[in-house]
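Please go over the structures that come below.
Two complexes are shown next, each including chain A; its partner changes from chain B in the first to chain C in the second.
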Partner chain A sequence: MSDDDPLLSVRDLKKHYPVKRGFLRRTVGHVRAVDGIDLKLRRGETLALVGESGCGKSTAARSLLHLESPTGGEVRFDGASVGSFDDGELNQFRRRAQLLLQNPDEAFNPRIPVGESVAEPMDIHGVSDPERREELVADRLERVGIDPETADRYPHEFSGGQKQRLALARALVFDPDLLVADEPTSALDERVQTRILSLLETLQDRHDLAILFISHDIRTVRRFCDRVAVMYLGEIVERGPVEAVFEDPQHPYTQALVDAVPTLDPGERGEAKPLDGDVPDPADPPSGCRFHTRCPVVIPPEAFDIDAETFRTVLNLRLAVAADDIDVERLRGRLNDASDERLRTALRERYGVPDSLSDGDAERALSAALDSLLAGDEEAALEQLETSFTTVCERREPETHDTPVGSAACHRRDESPPF
Partner chain B sequence: MPSEELPMLDWSDERSGFDWPSPAVTTFLVGVAAVSSLYLYDYYVAHVYLVGQWKVSPLEWLFLLSLSVFAALVVATARRRRDAARVWRRFRTDTGAVVALFVFTSIVVIGLFGPYVRPVTHNLLYATQPPLFFERSMVAVPSCSGRVVEGQCHGSLRFPLGTDRFGRDVLALTVAGARIATLITFIAGLLVVPLATVVGLLAGYRGGWVDKIAVTGIDAQQTVPAIIVYVLIVSLSNRSLALFVVLFGLFSWGSAARLIRSETRQRRELGYVLAARNLGGDTGHLLRRHLLPNVSNAVVTVTAHLVPILVLTEAAIAFLDLTNPDLLSWGRTVVSAQHWWVPLPAVIALVAMAVSCKLVGDGLRDALDPRGER
Partner chain C sequence: MTLLSVEGLRVEFPTDEGPVEAVDGVDFTVDRGEVVCLVGETGSGKTAACEALTRIADGAAVDGSVRFDGRELTDCDDRTLRSVRGDRIAHVFQQPGTSLDPVYSVGDQIIEAIRLHDDASRNEARARAVSLLEDVGIAAPAERIDAYPHQLSGGMRQRVAIAVALAADPDLLVADEPTTALDVTLQAGLLELLRELSAERDLAVLLVTHDLGVVAELADRVVVLYGGRVMERGGVETLFERPAHPYTRLLFESLRGTADGSDDRPTPADDGCPFRSECPYAVPDCAEGRPSFHAADDEPAHEVACVFYGPDYDIGTLGGEGS
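Entry: the complex of A and B
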């Protein structure tokens, strides 16, 4: 194997879960938890997979380890496709690729002493010599800083940090080549986090371990990882070296994640607007760029001369109408049967739309839509909004563009900007 | 930190593709094979008597089958002596449970061997003898086995619990009842509960169509009241205890399986199960090593519930005169009694069995959970 060959290479990995409804349990759709991701991980390297909760990071981890068989795509480990492994090869893969889980409290069977749990890999892979087992367990426990004398205690007698180190000891029994760490520090306090991370670093240096570090914590990733892949709703939106990506994010989602990190610098505080809303339903992902429903810099329609911020507010209004979130009658009742004029203002205020859009055509379209809405004709309102306020972000899937250091999938990087 | 070099494992001795079954499973399989061949021998060669005068009843065949499960359990426990010792240490701290275990084991041992020591005999000459330390007018008894003082017949050591109106020794009757209770215990605890456990574990862990079939089966089975079916069959054919055990055993494991299934479902996505899967553990390993120990709460509770329920149901059905009159179960003894001392030992034994079973179950459940360290 040459040095350039990655240890782990994931191509177009997909994991869809069928959504079944009704008496006959017919499949009515698919939750696209992971929808075509590519990853490459070399020996001794740490790759971070970051994203909000619910964006499919953990599913990606499970699918690439083939704990859940992927719906599509290929995982190659050390040059061979994991999907085509026979039992023996899969056994070998299971020894070489280990998993570290988020919640140390459930990582151990509460009814088995931790020493036996750490020895479990040997049970499974048929290492029966008791002396050898004891020696290995003691060695691994020492390596993670746990007294081997405590091996016959039960998991509940250990703290969260200790349990996470024990889980690491279990993962290291076979001296793996790949460690998939699924938010290994997010359930731990700062001090313990640091300890686990430095332990991981030490072990990585010694054993040339490749780590796939799954996290939502930008600060941890910055401290610990070499490269990063930012994931949103089952897709990877940006990738590159950690420092470069987080210093100068090329994708608005990455920017939002970076902005969401609390800062102590009073000068920077309060500038960034946190992302609105939750990750959309992966069973019905938004068209085009999946981030367009929340993107603060969504591209305005070329026909109008309005800025991105204003367009964002109009788009929010449009999405609310589409999701049937606006109940005009209730609003009217709350405002004590106010005039249509007041209702219009109230609606604009709610979504932050200016009283009057700078572009005349845009304003006329918006007013017409609001009129239909107040008249109770939501369909007409929606149609008006959808024809006038549309963006390239929802029409076309963005291509992945090379950035100076990596790549990002955003229409704002299209070579001939549509505006 | 220890040396830089990570002690490595040599994979040249990697195990071959075929896994031999564990000693416990081997024991079970050998046991089943032995019982089956005995049955075939009995059916085709020996005809009426298997050995000597022993005419093996269908119930006893089931009992023999349950013994193979028992042997497998003993082997499994012996293989994990350290764990067993740990559980016993914790169990020991619960005095009530230890007493209950003693009572329960006594009933079972008496039920297994008592009938050979004290078989039931009819002796009309000594009918309606009073128990020890009690007395009865000589007018009421045909003849007295004990001392006769002032026209009163005193109880004797020959019939310490007295005799009934047919001259049957009440102690022997109670022992005979213990035998039936023991047979039911073995079959319920060692055949019905394991069946429910396996179905519950598989349905809960596998999900999908396995789960669907199991749950549908349980639902269907629970809509049929066992007692109605029993009365129906009994009115058409002969009354046998085997029929009772098979019917009630068959119709009672559903709720147990359902409970175990839901407990399994809750745990199958937990971290340690996922971790074990990633380590390459197969379904058998996961069920045995992780899910079964963690649903043992449910299994033990279900066993401690099901065993007395079946014993009590048998007593109730015997009381309703729906069982074979030759079967001297505790319920039959109670219903045929005409003197106060005849049903009393049976009732006490019945209560002792039910209560001790529950207490042992509670004690065992706590002892199996390492978090309840006392």
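Entry: the complex of A and C
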């Protein structure tokens, strides 16, 4: 294999979990935690996998390492397909591809001296010569900046940062080629984070280590990683070089992640924008573009002349009706048996819908739906809203388009928007 | 107007190896309607300091003075303290689960909190609970009030925890890393909420955090803690523009990727500067007694505890923006 060949190549990786219900534990559906992702990672390179919690990034890590067997797709490591490995090859793979977790305490037994815990992978992989073991442990501890003399101490005698170093020493016992680091610094103080990241950088340079860095923290990723893949609800929505992607996001989800980051300049406070709503249930992902239930720039229907921001508010109202989240009678009670007029205003206010939509047809459609809702006919209201206020974003899955520096899957990048 | 004034606060926790000093003489004040951030790393004493105000931590020995609205809290008996804790000073924690009970609906929890401090009828309390939920940004409060905590997302749970905290209309909200457990997409909204609450209700907020982004978004004034002592304090803009203490400077440099210092725990408290084992500028004087507070610059409230700002040294030798 040439130098350009990726060390790790993941194609269409899937991990679904059955949802079981009832006395017979029948499978009634699947949680599509990872739903067809592609990744490539070269030696010496750091690739970030970012997204909110619940987007599937940790499951992606575990299944590409075959710590959980994938539901579909292929993982190739150093040119060979991991899925076809026999036990011996799998063992070999496990030595060369290591996982580092957020909480180092998980790697250490409080009643065992840390040196022994660092040496533990050698038990599994049959390195029994005591001298060799001691030598290896001392060497790895030195690499991560821990005094080998302290190997006989217990975990509680170390600070959080030192424990993460110890966990790293343990991951490095077999000189791996690939390190999958799942939020390795998010539980640590700022300065400790910086030190651990700089240690990782040094080790990477020295040993040509490939690092898959899983994180929700954009600032850290910008500082530390070369390329990034942005994940939402089991899928990769954008990828490219870190600086270019975060400087000028091409996917609305990436943009939303960037916009939410707090400033470090008190003079600019209040500009960070939250992304409303929760990550939807991966057992029942939204149709079309999975981000359409939250996307701030979801594409408005062609029939109306309304902007994306307004359409977002109407769509939120529609989704709330669909989720049975509006209880007109309760609202009426709360407003002391207010008139229908007052209720209409209250509902519009709740979802931020303007008093009157600028497009006459759109306004008529919305008013009719609100009337049905107030008359207690939620079904009719929903049907009216779903017929009039629909978007290409929910009807069709966006294709992945090339961007100047990478790729993004969004209808806003379609040549001629397919209304 | 000063609402809370803390002086010479000390907190000790008993351990197998004898008492450990978590807070070692800390002073700060919070005015009505003001947001003050206690910033520090693990082991800086920031959580211990704010839990000591109303003595929520079991077994901690608290010493010094905590004056709240003219009353000395360290002298109060448990009963008085409990009522202050419920009525006037409310706490919000990192994990919203800490303040919410999983077996009661959110409405019941807010209603109970309201009725504990006010003899409102159940119906009145319920109506107030609904508007509180609305105040903390729950979109459909009347529909959500009967939900159980587990039926809500993490972000909504933290908002509900704030609603419970506000139920008795407190004067001071003590929030310990309230956004740390949340996704960054939710953080901005919660910070905005705290900003609004403080302004609209003239609520004083004491915010404990390690995250300088949270500080930049929210603080009026900042108190930087290290090893149980105050290193620096000042207005947020001054402090971000001209961090003066060597520790504060390292903190900001680390955000820019400079990896100085060590992962060792802070040197146990003694009489010198607690930062000296990590400090790039340390001189023998740093071990001689507590560095006293000096003006950091022309800003009257910007103070630093470091010998280099005293009369015997030339701060020019520290270099950087602060000189």
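One rule holds in what follows: the second predicted complex is superposed on the first by the 409 of 419 C-alpha atoms of A that agree within 3 Å, B and C clash if a C-alpha of one lies under 4 Å from a C-alpha of the other, contacts with A are read in each partner's own complex, and residues count from 1 in each chain.
By our rule, a residue touches a chain if its C-beta (ideal position, glycine included) is under 8 Å from a C-beta of that chain, and two chains touch if they have at least 3 such contacts.
From a predicted model like this one, the values you see are computed outputs, not experimental measurements.
Q: Could you check whether chain B and chain C clash or fit when both are placed on chain A?
A: fit
Q: What is the contact status of A:E190 with respect to chain B (first) and chain C (second): first, second, both, or neither?
A: After superposition on chain A, A:E190 lies in contact with chain C alone.
Q: Angle chain B-chain A-chain C between C-alpha centres, in steps of 10 degrees?
A: Reported to the nearest 10, the angle reads 80 degrees.
Q: Of the two partner chains, chain B (first) and chain C (second), which one does A:S159 touch, if any: first, second, both, or neither?
A: The answer is second: A:S159 touches chain C but not chain B.
Q: Tell me the contact category for A:L99 with respect to chain B and chain C: first, second, both or neither.
A: Once the two structures are laid over each other on A, A:L99 reaches chain B alone.
Q: Let me test your reading of the model: by the given contact rule, A:E142 touches which partner, first (chain B), second (chain C), both or neither?
A: First partner only.
Q: Considering only the touch criterion stated at the top, classify A:C393 as touching first (chain B), second (chain C), both, or neither.
A: A:C393: touches no partner chain.
Q: Examine A:V261 and indicate which partner it touches, taking first as chain B and second as chain C; both and neither are also allowed.
A: A:V261 sits against chain C, while chain B stays out of touch.
Q: What is the contact status of A:H216 with respect to chain B (first) and chain C (second): first, second, both, or neither?
A: Touch partner of A:H216: chain C, not chain B.
Q: Considering the aligned complexes, could you tell me the closest Cα pair distance between chain B and chain C in angstrom?
A: 7
Q: Within their complex, state which residues of chain A touch chain B.
A: Residues of chain A touching chain B: 62, 65, 67, 87-88, 90-91, 94-95, 97-99, 101-113, 117, 120-127, 132, 135-136, 139, 142-143, 154, 156, 167, 170, 172, 174-175, 202, 206-207.
Q: Under the definition above, what is the set of chain B residues touching chain A in their complex?
A: Within the complex, chain B touches chain A at residues 1-2, 4, 6-9, 14-15, 17, 270-272, 274-281, 285, 289-290, 293-294, 296, 368-371.
Q: Spell out the residues on chain C that touch chain A in their complex, using ranges where they run on.
A: It is residues 41-43, 127, 130, 139-140, 142-143, 153, 155, 183-192, 195, 210-219, 236-237, 240, 250-251, 254-255, 257-265 of chain C that touch chain A.
Q: Of all residues in chain A, which touch chain C in the complex?
A: 52-53, 145, 159-162, 165, 189-195, 197-199, 216-219, 223, 256-257, 260-270, 272-276, 278, 320, 325-327, 330-331, 333-334, 350-351
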